[in-house]
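Please find the structures below.
Next come two complexes, and both contain chain A; in the first it sits with chain B, in the second with chain C.
On to the complex of A and B.
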């Protein structure tokens, strides 16, 4: 008798749900020791629904196909000297941020999902987390492979893993994931599976990647879209987790809401660096950060929260502040990196006149009023041979670890400061959002490893900033950092292109 | 009503999938961006196997969609015949 082909639903039941087992001689709660301490109540894991119903055999089949397509493009890109076809060598600096700041997060996501998947009592959630863990491992590998080609031709890509662990601005993404991974399994899922994957990663992997294509970088757009095709599954897992938690017990609703408030705020802060990559580091423009934010955060996120309203879930706290910030954050961030350009592992620059005009057009309410005059001043100073670099080390927010660069949204000339005293010590924050996160769990955040504090305490070598950069961060000082103008990257590019 | 959306890599396979989506969901908006195609619809969108097979001229498994998928928004339901996206309001 010929074997009957199973339909997707039956196959999913047999190859996923039927793989579970009962605990007959061991205590089940000892097998899943982290399932209860966050206060989440699960009454019936069998109510878990995985809408994609992907089984392991199908997973390998399609992932293998994605990998073959991806590596064919990497090969073609390298064999065709694709690095010469990018729009402008300034663009590669966005890749330096990506490799040092984002790719290591993929590895942290792998670790987080492998751990979290192990801790869930339900088999459907375990299998979905296992697939996501393997996806994340694939993402870090493909990103390293894609960018290894650029490493042959450009500076600043040589020691990304070491840099991720030590460099001041990279503690922002690193501590974000450390925070999520140090939480319980359900908070990790709300933080990464839901808040980060469902709304926020889209902003990096869709409009920014489309921008990579528009700047001639086929290798990056391809790993980006290939990764994001896994993210479509991750987003769906994140949404399922939320719905499942909210349907299991009404006591879960306030806990989940608190995590949503925390992680949307944390995620918004983390994306500050992406805002700057979109508005300032893509020489050929696809859309502004503000436009991308409106499509992927306001529209997509708004639809999501309307859908969840029936469970009693509301928009994340500080949504009104977040809405105003889209007009400001990219400008505030790029200015901060420009003025700290001697301490960054990538090059910074003054936008061209054409780019300044584009920013004026895209940000009619804020750019000319608050930000363009700074660039006009920077141009004057540069013309006089006085390119500005600040001498000071910035004060950092204890939660997001970003320098105090954000302003009050009602007064964009006033830096936003908050503080809190805990056991006799004063802690500093960039916003009400970060302040409230501290107040909720001070014992966790008093342990933050803040790079500027560590430098002042003598834990990062020194005594000068240059010593820290060279010996502790292992940057090639004078090569990896400073302005794009006059950099070895720029000189090599001119030589390849035959430009004087 | 909120918009559901799906984005696909701009390539030869997706072109037929987009044609099928347009045929089955007459009110969708198709946006072409560098290297990608984004399709939006009010509240509901379906990708139907039968229509894709007709356009692409071969057997097509709904789960093949994963190969060219970039992102999506909405509650997903997938079986052997179709993938649907919906918002509940």
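On to the complex of A and C.
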């Protein structure tokens, strides 16, 4: 008997989708208990369209091949001291942010997708989430391995997971993912699978990996290439989730829209750190933050939302504010880190004259008017031996946890403040976007572990900032922090390069 | 004679990450160590999960087992993602060549109808057990504590999906890709008396809350018994009946079990030696699930192999439990 030829869809149905069954002995809703409390209505899981149809044997085969190649490069990189080929030692500070701020998010994604990969009642959706879970574990582990060699030669990478749980600016990315994981499984998918992976990945992952490519970092860029096909799978999953939810029931539409509004805003706030990395931290620039935003969000995202309009989904709320922010956020963020450079786990610096000119050229409407004068002043002060560090700890936004550094977009000299009173306490926000998120779920956000509040409450050691940095953050004070100029990183680099 | 290539040597500032250094001292670390220890958040969680507000996002209280250090569950295979997928890729390469040989030579043709019926009746329905195991291992992945054990659980979970797919392929090989064997096997799973005990047991594990207990029930008790019954005793019976070719199609599962047993026994031993309280609890869980599983599997074992089969499988399980220091 000649075997019938099966197409991929039928084969996947038989091998995977058909594995589940209707329970007879237990209450099935006890096995999948979290599907209903968010108000999402799933009428028929069988309508789920698998975004990719990989069986495990193929997965092992492809992924092993990618891993073999990746680790061959890591080995070669270490053996040949590949760190000597980077453009400039300042570049490594972008890696410090990546390892302490982004890699732990991959880990949280691993956990979040394991949760949805266990909890969804539909086998197709579950398995897709499970594959993303194990992929995310891959990403954190390969990132750690890519950075392992840098850690041996540069400061500030050594205690990344300890830092992620404690350091003030790292609560921005940490709380973002905690927020998504603490939400119900469908909100998690809209937050991470769709908003983050599908809409915003090009503005997080791509800038870091392109930055690596432009700055001679072979280890990181090879990781980036290797993760590309995983990311493509994750993006198709994110899109399928949205379509599935919107097609299942019309009552899902307003819930999904609310989540898109929230997570788009949360996501753009998180990207602040990428904006300053692109504009200030990369010695060889890929493109300006503003250009990246225009290409990856305004053009690509605009087309996507046009597509989703047929489901009744509109552009995320406050998209017009964000459009104005692209002119400002990177400058406001780097200035904040520069002035708090004693409390950061990486080095900061004044842009070189060429870099200032580049910023003037890329931001003709704002840089010379609002930001260049600050750097000219900082230069003067530094020349006089008075490198400026602020003494104060910043006030944080209760939602995004970023210091209140953003200005009103119509008046870039006025810091933007919003507030709200809940059960007799006043909560502060950086924007209308963050304010609205709080208003919708105040009982969630009053729980925020705000690092500056925690320091003042004495929960992080102290009493001085330096005590907190040394004892609670476990930083090597005077080594990991402060200006790039005169840092041990810079000293070593000069020695390797034979520069006096 | 050796040749020596001159390279520039730079003195490193440190040998490894600080968390690994705190655990193992200031010396070069393995990739397993750097990719495993302390990856998971431990403190300062921002929000309680809406779906379980009495606990933190990561919380040791999702099991009654207590460990002073959850990273004590070192994987004897030292699997991190890279080593894991490369190991499985090697196994799947062998499996692929077995399956294609089987198909190319149309070995299914030589299998007598009675044996084909046995395979569809006893072996193929196990795809649903593997699917349960996939969920149970993902459960531990999601709610377990510490990367040492949660990464091993995700590998195990994906392996179980892989094996559910291999078992499904066996059905497709036997039915010429019509899917009839899978329908027949599923009907067995849903309706035949001999399967209802195991199906009820699977459903019960899926509503059990303590992740360590679920892991133990699935990966130790149920797996030990079904593995011995199916991949050892039933395989031998098929072989004696002249259907040894089926062995090519289940070699992956046999190899896999050896590998998984190494890990599971190490986990059990570590948990037992941590404290008497753990030991007592584990003993209680094992007794509970051993009783349930024995009862559930009895009709299947007897129909498939005869009356002494289950006792032999239970003996294998008891040996492993004793070796881990329980009883």
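Convention: the second predicted complex is superposed on the first by the 490 of 500 C-alpha atoms of A that agree within 3 Å, B and C clash if a C-alpha of one lies under 4 Å from a C-alpha of the other, contacts with A are read in each partner's own complex, and residues count from 1 in each chain.
Definition applied: a contact is a pair of C-beta atoms (placed from the backbone, for glycine too) under 8 Å apart; a residue touches a chain by one contact, two chains touch by 3 or more.
In this text, all values refer to a predicted model and were calculated from it rather than measured experimentally.
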Chain B and chain C placed together on chain A: clash or fit? fit
Go through the superposed model and pick first if A:380 touches only chain B, second if only chain C, both, or neither.
neither
Once aligned on A, the angle formed at the Cα centre of chain A by those of chain B and chain C, in degrees rounded to the nearest 10, is 80
Practice prompt. Quick one: classify A:225 as touching chain B (first), chain C (second), both or neither.
Written response: first
Practice problem: Using the superposition on chain A described above, determine whether A:236 touches chain B (first), chain C (second), both, or neither. | Solution: first
**Request:** State whether A:7 touches chain B only (first), chain C only (second), both chains, or neither.
**Result:** first
Contacts for A:210 in the overlay, against chain B (first) and chain C (second): which applies, first, second, both or neither? first
Which superposed partner A:310 touches (first chain B, second chain C, both, neither)
first
Between chain B and chain C, more residues of chain A are touched by C
A:353 in the overlay: touching chain B, chain C, both, or neither? Say first, second, both or neither. neither
Ask   = Of the two partner chains, chain B (first) and chain C (second), which one does A:250 touch, if any: first, second, both, or neither?
value = neither
- Task: Considering only the touch criterion stated at the top, classify A:286 as touching first (chain B), second (chain C), both, or neither.
- Result: first
For chain B relative to chain C post-fit, closest CA-CA distance rounded to the angstrom comes to 15
Chain A positions within both the chain B interface and the chain C interface are 65
Within the complex, chain C is touched by chain A residues 1-6, 10, 14-16, 18-27, 30-31, 33-34, 37, 55-57, 59-61, 63-65, 67-68, 70-71, 79-81, 84, 104, 107-108, 110-111, 114-115, 117-119, 123, 126-127, 130-131, 133-134, 137-138, 140-142, 144-145, 148, 151-155, 157-162, 164-166, 171, 174-175, 178-179, 181-185, 444-445, 447-449, 454, 474, 488, 492, 496
The answer for chain B against chain A in the complex is residues 2-5, 7, 9, 33-36, 62-64, 66-80, 87-89
Within the complex, chain B is touched by chain A residues 7-9, 51-54, 58, 62, 65-66, 69, 202, 205-206, 209-211, 213-214, 221, 225, 228-229, 231-233, 235-236, 239, 286, 299-300, 302-304, 306-307, 309-310
Residue positions on chain C within touch of chain A in the complex are 7-8, 10, 12-19, 21, 31, 34-35, 38-51, 57-58, 80-82, 85-86, 88-89, 91-93, 95-96, 103, 109, 127-128, 130-131, 134-135, 138-139, 141-143, 147, 150-151, 154-155, 157-159, 161-162, 164-166, 168-169, 172-173, 176-179, 182, 186, 189-190, 196, 199-200, 203-204, 206-207
